[in-house]
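Accompanying notes for the structure given below.
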């Protein structure tokens, strides 16, 4: 690998760390998630809550179902322990029947439905039911808390152009990408920051370097349509003088950090997106994604990545 | 249309986009809502939650009622499937009666009331009831979450003067509008920003331009009374030299962006308001909306738009 | 009233408004609440929610009780309408008994307890119970939402020195007041701002003027003990050259605005406090309110206002 | 104790207070909690809520259980008062049985289970049950609110190097410590501030002084791995010229304040950590805690404190 003269001032390590013994494929997945394993992480109650809040929806539902089943099995055992005869109208004909009666008693107690055909007769069963009633209320309060936390957490839902492009800009060239809000709620006070990560070889071996790519506009008041994020490639840009082959050799990765206030939540959202060197189109221009129809603006999200090809020099000017 | 010399430095595109093929009537409705259609928007769970939170109250209530009815119909079918005879004390006299018994069993289960006259007799019915009980708890947790999100989301409730006015200010003229808080809770750290959108004709056709109108005061610590927002029209103002006819021809639109912290929520609120060229009074002065009575301040919200006419030049000085 | 030469640059109107026809006694109560009446305020759903959240605790409890009673009376009437005979085991012996049965049916339904001795027999009663069950769930979800909003809203609980004092400071004099956190949770990133409001007479009559009083320190990282807020009275201060009699004549009022992040809520709190001219001690020094005991710091909140008298000039230097 | 020449500009009192009559052992515990006793603190409703939210988990559970038991005992007494005969199917055989029936009636009412074998027969019991039903709903709403507040409050879960180290940095020396996020959710916009607290003797006796230690980097965009916080010790540093013995004599304490936005909560978290003079390793270098394995980054939290010894001068250059 050639040694590159680094012209752009290197951005301070954004917290990712710089020197590794073996090359890293990709730092940030396309969806913005950091690809980091963790060893020795400890769990705590708040850690468990956070996991419940952040796990995928299907996993969360499965956890709920499993928890529901387990807690009923547990209390069914407790009712057996204190004697299923203590449950009024319990079916005592066989072991299976006794066990099912205990289970059914548990279900109607923990959900607080309390049908009543089966009812606590002995004081021991009453005691277990009293505990189970309170536990039921607590479990469902906690479920409601997790449900609310899952939904009410501000989450951006943005559409990105599938590729970043090297496009003409004013008298020169630029790196451009496009973003739009999938939702109909408004994103306000949107700020963006674009980082370039490239592997460089110096005297000590390979290291990842981070460069800030200044944007033509890093803040918009609101984002009802699409926003074309533009980094003009001037002589000071970290991309100056590079070609697509250079970016590929150096395993370049663009990380875009975006934050804004979503009107639906009235809270701040953060999101990240990543374009790898093989997700950059060398020489294109974005087609217009919005139009006006019948006096109203219309934004077509499918057209976000639509470009028309443009002849670009193999090496960016520098 | 005459070509206008643009003196004021053009504000950066606030995210709205500038060039359209057909003229746009109005960008922002009077209530601040952006008039944008969206094609290709995708839906997701969080999108559904957001829609539930932002839809109008009557639509939300209707959704709740329909959901409640549907889920009961579904479980009534399930009880029929496993056999209504499995429901203790169910009325089995006719098809309609059987079906109503299934429906009533469902209602008392999903609301967790569990009266008990009808009760799960067979194990199959118990199983369905166990599932329905949990679903009931979840549905109501979710409803509570949406209800809370709907109400607890900081929402400003401001009263605006019906028109913006061209009013005398110190030695010259200004654009003024007035805002007050309808609520009795205090708005704090209130910041305002005023944008002017006008269509201009240049070599490439028509384009919308955005101008920032600097305010005499863009921030007040608190807003217990009314706030008269004032843009002094100096030589650098985008309004310099224009007449009402110019504004009409150029389909001028004033967009006011306001944010503050509402003491009732202790959270940040954002709001927007729009005045179109036909909602500007050329030459007026705001009458006082507050007075002191018995040692106390008194704010009359009806008087917010009250003005007294003033002779103004047809063209603003520039 | 003498005409005062206003030396300090007048602070921009903090949003309170300046000219009144009759004098205003007090702008801000000692507890920081603005004393403003509002005419023409409109109510909405969110306004109602906010009122439920901000009303005093006893008023809120009363509202809950009244609401509970009313909704049960309403549904008791509905059960009467569709026929109390439709309620299984209802007591039909007299009008009062019938009515009480209807009421009791309502209570067990809306609370979702559903004892079951009284139960829906006719389909009409089932229908009413189905509606009441859903309404009960919704009402209680809403109550939970309001309860949470009431408690979870970040609220500061600060102790203030009962009086502000004119105290010696370095080579000159200063206005000082003291604040401490009553709670054991920490206040972080605390910022303060001190305003002076005085009535002045000018050519047009009386007007209220606002002056910012710059503080020696306007920000502390955390507030585990007490914070003595100090405004050094230099030549530029609005208090320069004034005496207590001047402040009384001009009905001076000190408004302190404080904001910080309360660790218990992990959210931002705002609070205001007001000292009127008759709550200023002319010539004193704060006694120390904290000490160290057994290697630990100890803060005595009762001593917050403790001062020792100091000889002060009747007119502040200027 | 020698008198020290204080070279570094003293940081403004961060709110802790400076002069004490007896020496203070430690200001901030290792876990960041301020060691302050409070006398005269007053309690209020919101204070009670905050205490429920901040108390340790086991204490909270105990409070819940005790509250549950007490409220049932209270209502059992009320049922006794109005007459246990008013409870249908109550066991009236002995005083104990009567009392247990009252207790069981209370349990099934306050949990809203309402089995139904025991049911309100007399109107008096119905009245008590009506009150208890509402109280049950309110108590559980409040419990849900506290549960949610406990869990949803943004809480950082960071791992710290057990010791701070004096390490080589570029051409000189530095004070370093390391922090990593235990959770798998991302910390964003992380800001750090490092304070040094030392006791100094001046003319008036002993006083605690606070020094800000400027960091090489005080802000990272995100923290997916570890962050080595570095204070380069130059001539202006408060540590310049000091030795470990100096720090011990002066009971030096390092307080690190960190804040960031946790992606799991999408809210701001604050945390503090403290290193006392006996938790500083004089002369070491941090070993690398992350590696790359199979193209992915791997962070080992156990290795956070791993250092290799380095020969350091007994007095830091200054």
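Observations
For clarity, chains are labelled A, B, C and D in written order, and residue numbers in each chain start from 1.
As a convention for this text, a residue touches a chain if its C-beta (ideal position, glycine included) is under 8 Å from a C-beta of that chain, and two chains touch if they have at least 3 such contacts.
No experiment lies behind these values; they were computed from the predicted model shown.
To fit its Cα atoms onto subunit C, subunit B must turn through 90 degrees, a value rounded to the nearest 5.
Mostly differing positions are employed by subunit C and subunit D in their mutual contact, as under half of the interface residue numbers are shared between these two copies. Averaged Cα coordinates give subunit A a centre that lies 27 Å from the centre of subunit D. Residue positions of subunit D touching 2 or more other chains: 108, 112-116, 144, 148, 155.
Those residues of subunit A lying in contact with subunit C across their complex are 112-116.
Subunit C makes touch with subunit D in their complex at residues 57, 64-65, 68, 72, 100, 104, 107-108, 111-117, 140, 143-144, 147-148, 151-152, 155, 157, 159, 182-186, 188, 190, 217, 220-227, 261, 263-266, 288, 290-293, 295-303.
Within the complex, the subunit B residues that touch subunit A are 12-17, 19-27, 34-42, 44-47, 49-50, 53-54, 88, 108-109, 112-116, 119-121, 123, 126, 129-130, 133-134, 136-138, 141-142, 144-146, 148-149, 153-155, 193, 195, 257, 267-270.
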